[in-house]
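Dumping the structure here so I can ask a few things about it.
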Amino acid sequence: MDEQALLERVHTQVANLIGQGAVASYIPALARVDPNQFAFALRRIDGTEAGVGCVDNAFSIQSMSKVFSLSLALQLLGESLWERIGREPSGDPFNSLVQLEHEHGKPRNPFINAGAIAVADRLVSHCADAKQQILEFVSGLLDEPVHYDLEVAASEAAHGSRNAATAHFMRSFGKLDNPVEVVLDVYFHQCALALSCRQMARATAFLCDAGVNPLNGERVLSERQCRRVNALMLTCGTYDVAGEFAFMIGLPCKSGVGGGIIASVPKQMSLCVWSPALGPSGNSMAGTKALELFAAEAGVSVF
Amino acid sequence: MDEQALLERVHTQVANLIGQGAVASYIPALARVDPNQFAFALRRIDGTEAGVGCVDNAFSIQSMSKVFSLSLALQLLGESLWERIGREPSGDPFNSLVQLEHEHGKPRNPFINAGAIAVADRLVSHCADAKQQILEFVSGLLDEPVHYDLEVAASEAAHGSRNAATAHFMRSFGKLDNPVEVVLDVYFHQCALALSCRQMARATAFLCDAGVNPLNGERVLSERQCRRVNALMLTCGTYDVAGEFAFMIGLPCKSGVGGGIIASVPKQMSLCVWSPALGPSGNSMAGTKALELFAAEAGVSVF
Amino acid sequence: MDEQALLERVHTQVANLIGQGAVASYIPALARVDPNQFAFALRRIDGTEAGVGCVDNAFSIQSMSKVFSLSLALQLLGESLWERIGREPSGDPFNSLVQLEHEHGKPRNPFINAGAIAVADRLVSHCADAKQQILEFVSGLLDEPVHYDLEVAASEAAHGSRNAATAHFMRSFGKLDNPVEVVLDVYFHQCALALSCRQMARATAFLCDAGVNPLNGERVLSERQCRRVNALMLTCGTYDVAGEFAFMIGLPCKSGVGGGIIASVPKQMSLCVWSPALGPSGNSMAGTKALELFAAEAGVSVF
Amino acid sequence: MDEQALLERVHTQVANLIGQGAVASYIPALARVDPNQFAFALRRIDGTEAGVGCVDNAFSIQSMSKVFSLSLALQLLGESLWERIGREPSGDPFNSLVQLEHEHGKPRNPFINAGAIAVADRLVSHCADAKQQILEFVSGLLDEPVHYDLEVAASEAAHGSRNAATAHFMRSFGKLDNPVEVVLDVYFHQCALALSCRQMARATAFLCDAGVNPLNGERVLSERQCRRVNALMLTCGTYDVAGEFAFMIGLPCKSGVGGGIIASVPKQMSLCVWSPALGPSGNSMAGTKALELFAAEAGVSVF
């Protein structure tokens, strides 16, 4: 398969979708991103790479960071992480508090906001400096330094009422050990990581190589943990349309409101597509279509 | 009717219930209150008073304060208050966030926690110093100074995760104008007002006298507003058992987790009963029974 | 007070509201009712009556029948009725199944559809012929025969999917003893009772006279039961706006989608207003306003 | 890989789990099944088969039948099926009506009861005799006749209140075109299909062979439809623990309360395990563990 040619065909096929939808507008730093950008990068486990569009433009990875924080937490805490966080699709919006109330403060899975905040709380408890350790973890995956976009992080904090409500709510059930301010500071920073599509495809390479980072041969997760992160991405990774993604694309994916989507093809390749304008489900419109076309033509659905 | 004799009979009849149940334990200042206390005071609109038990012991009025803050807000804002707060029973627990999510941050009524916090927010917006103004309002009702129990207020703040979640949640929907910390500081203080049964019966005398404070002849609310506060007390005043209270007692009531319950008999008298041990619904066990017996024997049900 | 003059003033004041809104359209027999009708009748406990508009036009009493079936069930079963039915406002729409699921098939109160169906099930268990006994009960209240509108009953059955869902749902929780078809047949017939405003004011006279039917001196309910039916009407009688009715009108009321509303003024009088066009809450628009004006001018709010 | 040897090892490893849990007891015909049975059969796409335990014992396939009815409906209706049924995990119990109310009668996916009943309604609309056509469809998949267990079907109907509630509820939203009795008759019969593990492994062979039935070379579904059925099985196939199954097993699965579970390994093999005693989630305890052990040792997770 000539992935570069395929990516180029896909790029052409989605050209008229790029810029359709709307960029996330809840914080100014995201609202002013040019919606007419598109990039699609992939990395095979043999190390070959392909890409189209602005694959080196850094963008705010937002909820895709939840894959990194979950992986780091699994590395540090192992199975005990699941005492605080479930593993089921939620059926409710990603920022809903309804299920949290019914289930006494235990989030359904690590990819809804409540779950990611609970993961951040676990990291605060187990790290001397959680923010720094996340940064080092992602830098280690990439073999190059990454940084937080501090303007985005500050902006998230300034508009973080819903996340503050979520964190205080979990704390009221005794399911958050650290002060809300400390936990949210970590969470808002991880969401504000700025990486390019090429970097994301590299940094998630371990997900399709049984937990080993092929860039440096280091084990990130056990083979079993790695399969489980992929399973969670498939069942819970794309807001309220995980079923639709499984149905249309058939790959473990994780999206972010910055317009990025990562996908892993187990034993074959990692992908990252980015285009900032979002559809009604909060996923990149051009990015979703590009992934669907790629998966269909490349025949890489897991099903 | 000889109210004093009736109160004494009721006191005897509930003697074996006093101390049954459990005092509120979510903050230390409430947890250490002696559960074996009981007081029942009433004030007729002609000024005669009656009482049994420790009617001059001050206790934490907690949610009964919501009647004061609502009345003050109605005085200051009039009907515009209802743009932010509904007037329907909630059907959900008093501290639930489920309905708040379904109804986009507008609380069902001013007596659930969310509603009272929304009232506090309105007071912060309309008062130079809301805490001080609440204090003056209640002092004015009583014609004697009242004070906040600062230990209780601090304790509420230290254990206020659920209320913080509620406030941040409303703010995320644009339904809270002031900073959460400022609003909750007012709310925690109003809950920490310490008054005796005799004082509560006096301070709520305006509710059964068409909105005029009979102690000094000053109008607190219009006649219509006064009827409405009573209506809200009857339909929403006693946590999740307002229907049961209407059914068993038949009077507008408002209870607090400190173990107090106020009731108003329109055009006749105001009542306050107190006994700190609570039943499963969060209302004073001996107090509820005493009110039921009193209302039945005195024939004062509104129905 | 000259009630007749007051009713005439109220009639004039609401003239422009008559016909506003929309008649219930879920069954043809209701959909074709002329919306431009209005009647308001009252009966004082001393036997004097007053009325304006077409007070002798029979109309479909629909959910107002729930007051009759509840009263009959209380007469037959006493307190044991409450093992199957709660007494709290629901907070959810009158035909919602959400709360029924959370509370394992026990309806919140006898005035939501689920509750009235549960009452019908109790009547089927305790009567040789429940339909006939309801008819005799209401005829007895009126001292004249009443009848079911069989076309309406048949139409309800033909469009009764939601009620069938409700009944089967309760039965799945073991909270309905009789076959769904039998119970719904009773329920659809009681809703199809056709009475005039004047008849409704007479048939509910016992509610404001401590449970005794003033037309014939027979006790319908104990004084205590009577107060409780009034309490339930006030807290739960008008679909999702019981709080609003308590707030604006301040009387125990029960409405029906036929456009009728009954109200009781304890120890004074029973009222029935009717105008078929409904507002968004499912209550008669002109009827609601007429009741509000009457209660305010007559000063009959219970609060 | 020697699948037969692996199945035998797995059988030994789960021996102490067989009979643990409880058989489904909501209908007598299921309640009296011997819990100490176990069978595990597989069929590779090259036609080789393996099996341990009582692989030829027929049992009630129950909810596994939803895969057959969905496949038949997709064959007959194509994409238009999705106008009535969603494709997302529900987050609520398989027989919940809460989400159905919030989403106006459109079921979340075809594997919760509401969804399967909606599929049955579609089949009734598109088949001259839906019951017969389902029978022929499954017989065609197997190349041998299958039959309904009429005692089980009658028993389902006699205890079908919850399903009746579900069907009437959808009909009340205009989302069920045919009479409830007709639709449920089809649904109760499909659930009462009796097949053995070996038969189930054969009848689902098309799911792992791109939609073609390898037994006779006939196309059952398009390649794309086939992937989508697998995706739905993975995200929604095992009641409230689909996330857990994806996490622990990593295969598209569909379970039934009869104690059977089918799984497909795309491009490799179809599996069916059966042991009647269920764990708290409604899935076979020994069967679930056996699948987990098999998937881990055989390395067949899709992730």
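For clarity, chains are labelled A, B, C and D in written order, and residue numbers in each chain start from 1.
The rule is simple: a contact is a pair of C-beta atoms (placed from the backbone, for glycine too) under 8 Å apart; a residue touches a chain by one contact, two chains touch by 3 or more.
Since the structure is predicted, the reported quantities are computational estimates derived from the model, not experimental observations.
Undergrad: If each hop has to land on a touching chain, what is the smallest number of hops from subunit B to subunit D?
TA: Steps on the shortest route: 2.
Undergrad: For the chain pairs B-C and C-D, which is connected through the larger number of C-beta pairs in contact?
TA: Of C-D and B-C, it is B-C that has more C-beta pairs in contact.
Undergrad: Among the chains here, which has the CA centroid at the largest distance from subunit A's centroid?
TA: The chain lying farthest from subunit A is C.
Undergrad: What's the distance between the Cα centroids of subunit C and subunit D, rounded to whole Å?
TA: Computed value for the inter-centroid distance: 47 Å.
Undergrad: State, to the nearest whole Å, the distance from the C-alpha centre of subunit B to the C-alpha centre of subunit C.
TA: Taking the average C-alpha coordinate of subunit B and of subunit C, the gap between them is 32 Å.
Undergrad: Would you please write down the residue numbers of subunit A that are in contact with two or more other chains?
TA: Answer for subunit A, listing residues that touch two or more other chains: there are none.
Undergrad: Each pair of chains that touch: what are they?
TA: A-B, A-D, B-C, C-D
Undergrad: Sort out for me which residues of subunit C touch subunit D in the complex.
TA: Subunit C residues touching subunit D: 96-98, 101-102, 161-162, 164-169, 171-172, 180.
Undergrad: Taking the touch rule as given, give the residues of subunit D at its contact with subunit A in the complex, in rising order.
TA: Residues 86-92, 99, 108-109, 224, 226-228, 230-232, 234-236, 240-244, 246-247, 250, 252, 266, 296, 301-303.
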